[in-house]
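The next part holds the structures, each set out as structure tokens.
You will see subunit A twice below: alongside subunit B first, and alongside subunit C after that.
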Partner chain A sequence: MSTVRRGKAKRPRTFVEARAMASSSSELGWWVFMRISGLLLIPLTFAHLWANNIAMDAGQIDFAYVVARLQQPGVRIFNSFLLLFAMLHGVNGLRYSIEDYVRRPGRRFALKMILYTVAGIIFVFGVMTLWAFSYEEMGNAVRALGSE
Partner chain B sequence: MQITVKIKRFDPEADTRPRWVEYQLDVDPTERVLDVINHIKWELDGSLAFRRSCAHGICGSDAMLINGVNRLACKVLVQDLGNRITVEPIRGLEVKKDLIVDMEPFFDSYRAVLPYFINDEPPPPTERLQSPEERAVFDETTKCILCAACTTSCPVFWTNGSYVGPASIVNAHRFIFDSRDRGTLERLEVLNQSNGLWRCRTAYNCTEACPRDIPVTQAIEEVRRAMLFRG
Partner chain C sequence: MYRGREGQWAFVLHRVTGVAVALFLLLHVIDISLVMFGPEGPFEAFLVFYHNWPFRIGLIMVIAAVVYHGLNGLRIILMDFTTWGVRYQKHMWYGVLGLTTIIGIPVLLKVVPEILRGA
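Right after this comes the complex of A and B.
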């Protein structure tokens, strides 16, 4: 069967060698990523739930509170990690499901493209909200609306 | 003991789709499902087609979906199933007739992982020695009888027949973890594809289905780690 390839058979000695000698599939990397991000998402998610639902009085949430909160660098960094890991982990999980269960190549490709597009848009919005959103301008606009 | 056996039958020359046929018969509670099916074939309906050979859980011929679970018909007693028994062919492989499926795709995947000893080093003057500890590492996966109960219980395999399947990974594991073998890289290369090792979703159906009690999912996980850390 594969007698031709037998000749060059050599065992990889290090992780780097193993990666280089294995086929170019990225699935190994994704498999590792899913395990690490899955573990990280447990504390991230529960800390997020705690911070937003338990550590504060829900009746006090208003625009000023959200602005003040999202301007703290710590909150921004924390939420960025949450966004990144939740999006990549979730999207990759959906990709697994699509590849497992959608057998027609055309439909499969289309579904994956829709998934990546929607996920990309959500991700960009998330990053913009966290890092590039001008709360002062938005606040002024809201106040201007209210005073009319 | 009066029992009703419902068998999913398919005759490629007469049927366009499988049909259920019920048989009533009187059996001893300590008889096996294989005995029951033999009764049916020998005494009630000679046209029933199924595979069996050794009838002692070693040859792996008579894997069937019995009361919704993949098992060997020769290892299940009637008394453990009750008086209603349903028997279907194993899933995910094309049904040729009644309980006989086309095993060729299954064996193709098996052959793909090079399930034989590979070592191009010059043979030592005596044996290639192996310690009991080195042998124990792959002990479980030597037990596979290629009955296909695991692969055909895998939900990923049902929808994606090109998935290499748990049985092939188990048999790759048997050689990958053999200290005397040198073909690890070739096997990992075969398995490191999206339709190889990475298609497993750890549903554990294979582990539950295995009539030899091989911890199949654990073996798959060990091969994945070998892929990651093998130095």
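Right after this comes the complex of A and C.
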């Protein structure tokens, strides 16, 4: 009974699915975003790969190189755009893949929530690294707050 | 999905390279953020793993994936926003594969000797 199965697949079975199906305007927004961010990511990623793999030997990268590089304001601003667009483009692409291949609503919802949580935490790490906010500084700042 | 054999392969490769690059991005932000622990921290230990030859071959594959995904993304944009894009999608896909190869060969010639010297 293929007609029954087809009907089943189209019917939203959770609140999250129903909302996802109804929100065609936000889906359209993501569709446009993927194309605009994709276009921007071509110069951003190609320049990033050039600087770290072609202009130098990637095997020579060490702590001093990374710190010296991330202290340059231009690199920080460039990498901030790269991080932001790559994260949004990449996580939305992973969301498309989850929605295409994970059929069970519960598992699909759980996977997406795990993805957003992990990616959100990693994004915060990235911003902290780019703007030279060390764990040591953060620990000191927290201790300073506690002693007041 | 797109019609035709080339279109399907273009889609599959776009998916696979996209997922691979996105997962590498998450790993890459984590490894670079290890510099926050300072020069005595875990970053240098992580680099030893990164500089191993199997991982560096993996990095070449990440570079290839980025180049393919970017160029094929341009093809998708042309298909979506021009009147002629869909008509020439097959030709453009061969163009994408050709350009990826043309960019890939000098990258291989530069990076592979570095890996051999380091190994």
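In this section, the second predicted complex is superposed on the first by the 97 of 148 C-alpha atoms of A that agree within 3 Å, B and C clash if a C-alpha of one lies under 4 Å from a C-alpha of the other, contacts with A are read in each partner's own complex, and residues count from 1 in each chain.
The rule is simple: a contact is a pair of C-beta atoms (placed from the backbone, for glycine too) under 8 Å apart; a residue touches a chain by one contact, two chains touch by 3 or more.
Treat the numbers as computed from the prediction; the structure is a model and nothing was measured.
Engineer: Just checking: does A:55 make contact with subunit B only, subunit C only, both, or neither of them? Give me first, second, both or neither.
Structural biologist: A:55 contacts neither subunit B nor subunit C.
Engineer: Scan A:27 for contacts with subunit B and subunit C and give back first, second, both or neither.
Structural biologist: First partner only, subunit B.
Engineer: Using the superposition on chain A described above, determine whether A:87 touches subunit B (first), subunit C (second), both, or neither.
Structural biologist: second
Engineer: Please work out whether A:144 is in contact with subunit B alone, subunit C alone, both, or neither, and reply first, second, both or neither.
Structural biologist: It touches nothing on subunit B or subunit C.
Engineer: With the two complexes superposed on chain A, say which partner A:99 touches: subunit B (first), subunit C (second), both, or neither.
Structural biologist: Touch partner of A:99: subunit B, not subunit C.
Engineer: What's your read, subunit B or subunit C touching more residues of subunit A?
Structural biologist: Subunit A has more residues touched by C than by the other partner.
Engineer: Taking the superposition on A as described, I'd like to know which of subunit B and subunit C A:118 touches: first, second, both or neither.
Structural biologist: It touches subunit C, and subunit B stays clear.
Engineer: Which subunit A residues are contacted by subunit C in one complex and by subunit B in the other?
Structural biologist: none
Engineer: If we count contacts the way the header does, which residues on subunit C are in touch with subunit A in the complex?
Structural biologist: Touch list, subunit C to subunit A: 15, 18-19, 21-23, 25-26, 29-30, 32-33, 35-39, 43-44, 47, 50-51, 56, 59, 63, 66-67, 70, 73-74, 76-77, 80-81, 107, 110-111, 114-115, 118.
Engineer: Under the definition above, what is the set of subunit A residues touching subunit C in their complex?
Structural biologist: 35, 38-39, 41-42, 45-46, 49, 53-54, 57-59, 61-64, 66-67, 70, 83, 86-87, 90-91, 93-94, 97, 118-119, 122-123, 125-126, 128-129, 133-136
Engineer: Using the touch definition from the top, list the residues of subunit A that touch subunit B in their complex.
Structural biologist: Of all residues in subunit A, those touching subunit B are 1-2, 5-6, 9-15, 17-18, 21-23, 25, 27-28, 30-32, 96, 99-101, 103.
Engineer: What residues of subunit B sit close enough to touch subunit A in their complex?
Structural biologist: Within the complex, subunit B touches subunit A at residues 111, 114, 118, 120, 156, 159-160, 182-186, 188-189, 192-194, 196-199, 201, 224, 227-231.
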